[in-house]
Amino acid sequence: MGVVFEQLINGLTIGSFYALIALGYSMVYGVLKLINFAHGDMFALGSYVGYTVLVFGSALLASHFGLWGGMIVVMIIAAICLAVVGIVVERAAYRPIYPAGRLPAVVSALGASIVLQNLIMIFWGPRYQAYPAAMIPNVHLHLWGIHITLLQVVILLLSFLLMTILYWIIQRTTFGAAIRASALDRDTAALMGINFNKVIFFIFTLGPALGAMTGVMVGMYYRQISFTMGWNYGLKAFTATILGGIGNLPGAMFGGLILGVLEMFGAAYISAAWKDVFVFVILILVLIFRPTGLFGEKIAEKV
Amino acid sequence: MDHRDSQRVVMETRELTKMFGGLTAVDTFDLQVRQGEISSLIGPNGAGKTTVFNIVTGIYKPERGQVIFHGTDITGKRPDQIVEEGIARTFQNIRLFPNMTCLENIMAGQHCRASSGLWSSIFRTRRHREEEAKIRATAELRVRQVGLWESRDDLAKNIAYGSQRMLEIGRALGTEPSLLVLDEPSSGLNAGETEHLMHFLKTLIREEDLTILLIEHDMNVVMGISDRVTVMDQGGKIAEGRPEEIYDNDRVIEAYLGKNDDDGDA
Amino acid sequence: MKRLQKKYSNWKIADYIGTSRRRIVFLLLAVFAVYPFIVSNYFVDVGFYFGVYALLGLSLNIVLGEVGLFDLGHAGFYAIGAYVTAILNTKLGIPILVLLPVSALAAALFAYIVCSPIIHLRGDYLCIVTIGLGEIVRLALINNPFDLTGGPNGVFGLDYPTFGGPFVIDSPVEFYFLIWIMVALSIVGLTRLQESRIGRAWNCIREDEIAAGANGINVRFYKLLAFVLGAALAGVAGNIYASKLMCVSPESFTFWESCLLFCIVLIGGMGSIPGVLIGAAFISLFPEIFRPFAMYRMLVFGMVMILMMMYRPGGVWPRKRGGIEFGSILSPTRKAHE
C-alpha cells in the first residue's frame, strides 16, 4: 500500500510537470489554433537558465536565500527571462505567419523549435549538464512508512499553487474571460472590444514563464538536463493537452496529472520500457470514445 | 393542374423527430413532396427547417421517424449514399470548394455517377478515359446551364456571390438528382438575381425530370414559384397547402409575427 | 501489335519536345540521368537520399497535400516497410526486391488497421493520434518484441537488392537509379490520380468535408485510401533505404523525421508534385550545402524554415489550378488549356 502511494506521488510530481507545460500549449492552442512546438524548448531553455544562475550565483543564493529560497529566486529569474523569449518568438516567428493559416504556422513553429534547441546546444554544449548538487535540497521524509523527498512535496505544492493561480486568473477574472472568449471565437471577441494584443501578450509571457519555472523544478528533481528534453517533455505535454480537451485549461491540467500517474503506474506494473506506448494507447482509446478529449465539449458544427 | 393531389409522392418524411440534448428541434414532422412540383418549406428562424434538410440528406440521424424516397427507406444512410439515391442539396451558407475551379466543382458532383477506381485511374484505361470525358462533358453542360461558362476556369472563391449560389446549384445538378433540395437559395441575392433564380428553377422543372424542395424566407420567391407550401414553427408543422391558402392563414401570420411580403430579402 | 501501333501512332516525339515546358522536363531528366556518372560516390549517395526523401514526400503528399489530413506520424509507415524488409531478409533470406511489394503491402495493411478506428477524428485530434501512432511504432521497435527487431541497435546484415537471380544492385549509382525509377513511376501514377475522380474526391474532402459528402463522395473511404496508399509508398521507401544502409535502427524513424516530411510537403507546396520534389531537395541538400557552417547549420535551417513560411506560405511551387497542370506533359494527345 505504501508503495502504491509512493508511486502516486511520483506520478503526480511528473504529472505536475506535464500539467504546467501543457498549460502553455493549451493557452496558445486554444486562442490561436497553433501547436507551439517551440514551447517545449522554452521549458528546456528555462531549465538551462536556471542551471546557469545556480552555477554562477551559488554563493550569493546560498548565503542570502538558503537552498529553498534560492530555488524560488532561480525560478523567478528563469520565468522573467523566458517571458521575454516568449514574446520575441511570437513576434519573430508567429505573428508574421498568422495570415497564412494554420499549416504554415506549424512549419514556422517547427523552425522556431529547431532554432531554440540549437541555440541551447551552441551555448551550453550538446552533453548533459548537471544541476549543482550543492544547491539541491536533499531532505528525505519517512511518513507512515512512505518514503518521499521534501523536494517532491515542495514541487507538488508549488505546482498546485501555480495551477491554482492560473485557474483563478482564467476562470474568475475579466481578463481570463477575455482569453476564454478569444479561444472560442476570435473575431467576435475582437468585436466585443477585447484587446487581442493583450491576450497574445499574456499567453506568450505567462506560458513560457510557467514552462521556465517547471524547467527549474525538473532540473532540481532529475538533476540532469539536456538540450533535447524540450522535445520529449513537449510531446508528452501536448498529448496531455489533447487528452484534456483542446483549449480547455483545467482539462490540460488534469490531462497532465493523469498522464503522469498513468505513466508511473504503467512503468511500475506493466513495464518501464512500454510505459510510453501504454500512455499513447490510452490516449488513442480516449479519443476514439470521446473525440474531443476527456473534458472537451461536443461542439456541433452548424451545417 | 388539378391532378396535382394524386401525383406520385417522391419523398416523404414520417413522424420525423430530432433532439439535440434537451431541445426538440424537429417534432413528429410529416412532409410529402410530389413529383414535378416545387415545394417550399417556410417558417421563422429556428423553426427546424434546415434540421429537416440535414436529416433528409443524411447529415443527422433522427431519433424517431423515417425518410422515404421513391419508396425506399433512406433514414440514417450516409450523405453520399443519399446522393447516389438521387437527392442533391445546397447549403444555407454556400459550401463550395473554394480553391477549385467552377468546372471542377461541378465535376465533383459527377463523382458518384462514375466508377473508375485506382487501377483504371493509374493506368488510364479506356473505361477511365471514357468516363472522364463524360464527366467533363456533363460538367460543361451544367456550367453553361447555370450561366457560368466564362468563369468555368476561375476559382470558386473568386467569383461573385450570386454566381456562387448558381454554381452550387450547378454542382448539385451535376449529381444527376431526381430531387433537388435547396436551402435558402435566394439568400443574399438582389432583386434581379432573385428573378433570374426563380425563372431558372421554373425552367428546370419544365425541362428536366426533377422535383424541387426549397427552404425560403423571401415570400416573393415562395409565392412566385411554389406549387405547395409547408409551414414549420418550433419543430412542427403548422400549416400546409397552396401558396394562396398559406398567405392568409392566421396561424402562419402569427408565427411570423407580422412578416409581410415587403420583407423581400431574408 | 496493331492495337499498340494504333495507340502509339498519335504520339510523335515532336509532341513531347514541343512546348518549352516539355523541354524543361526532358532537360531535367537528362540531368538526373547523367548526374551519377559525373560526380563522386559521395554525391551520388546524396542524390540517393534526395530520392528517398522525394519518395517519402510524395507519399505524405497524398495524405497531407491532397486530402489535407494532418499526418505527423508518417515515419511509422516508413519504419514498417524498412523493418519488414530487414526482418524477412535476414531471418528468412527472402530477396530484397521480392520484399519491395511485400513491404508496401505490410505498411498499407498496418495503415488500414490502425487508421480505420480513428479516421473520423477532426483535424487537430487526428494530428496527435498520428503522432502517437508514429511513437508507438518506434517505441515498439526499440523494445524488441519477440526478439524480432533487435532493440535500439536494430537489425543488420541485409543483402543487396536482388530478385534472387544474377541481377544485383550493389553500387551507389545503381541504388541511385533504383530509387529514382521508383520516384519517377510514383510521379506518373500520382499525377494521373490527381487528374482522376479519385484525386478530385481527395481535393474536395480537403476543401470541405461536409460538402464533399453532400455531393456523393464517401469521405471515410477516400480518407482511408489516402492513408493506405501513402503508407504503401512509404513502405517502398523503407525497403530501398534499408537495403542501401544494409541495416535498420529505430533512430531513423523518429517523430522528428515525421516533422521533416511534413515540412517537405508544406515548404514545397501542398498537393503539388514538383513542389514536393523541391521540398525534398531543400530538406536533403540543405544540410549538405551548409556543411561549412558546421554547428550553426541546423540553426540556419530552422531560420530558413520560418522565413520560407513568411514569404512563401503557399510553398515554393504551389499547385496550379485552372491553368496548365503538370500532367499535361505526360499525355501528348491531351490539349492543355492555355
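The first chain written gets the first letter, and so on, giving A, B and C; residue counts start at 1 in each chain.
One rule holds in what follows: a residue touches a chain if its C-beta (ideal position, glycine included) is under 8 Å from a C-beta of that chain, and two chains touch if they have at least 3 such contacts.
What you are looking at is a predicted structure, and each value in this text was computed from that prediction instead of being measured.
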*Would you kindly say which chain has the C-alpha centre located farthest from the C-alpha centre of chain B?*
A
_Most centrally placed chain, judged by C-alpha centres_ = C
_Chain centre separation (chain A, chain B; CA means) in Å_ = 49
*Starting from the mean Cα coordinates of chain B and chain C, work out the distance between those two points in Å.*
41
_Distance between the centres, which are taken as Cα means, of chain C and chain A, whole angstrom_ = 34
*Which positions in chain B touch two or more other chains at once?*
59, 91
*Contacts with two or more other chains, residues of chain C listed in rising order*: 210
*asked:* For chain A, give me the residues that contact two or more of the other chains.
replied: 303
*In their shared complex, at which residues does chain A touch chain C?*
29, 33, 35, 92-93, 96-97, 100-101, 103-108, 110-115, 117-119, 121-122, 231, 235, 238-239, 242, 246, 273-274, 276-277, 280-281, 283-284, 287-288, 291-293, 301, 303
*Taking the complex as given, what residues does chain C use to touch chain A?*
117-118, 120-122, 124-125, 127-129, 131-133, 135-136, 139-140, 142-143, 210, 255-256, 259, 262-263, 266-267, 270, 295-296, 298-299, 301-306, 308-310, 313-314
*Enumerate the contact residues on chain B facing chain C in the complex.*
57-59, 78-81, 83-84, 88-89, 91, 95-101, 104, 107-114, 116-118, 121-124, 128, 131-132, 135, 153-155, 171-172, 174-175
_Partner chain B, residues of chain C touching it in the complex_ = 189, 192-193, 195-201, 203-204, 207-208, 210-219, 225, 229, 321-323, 331, 337
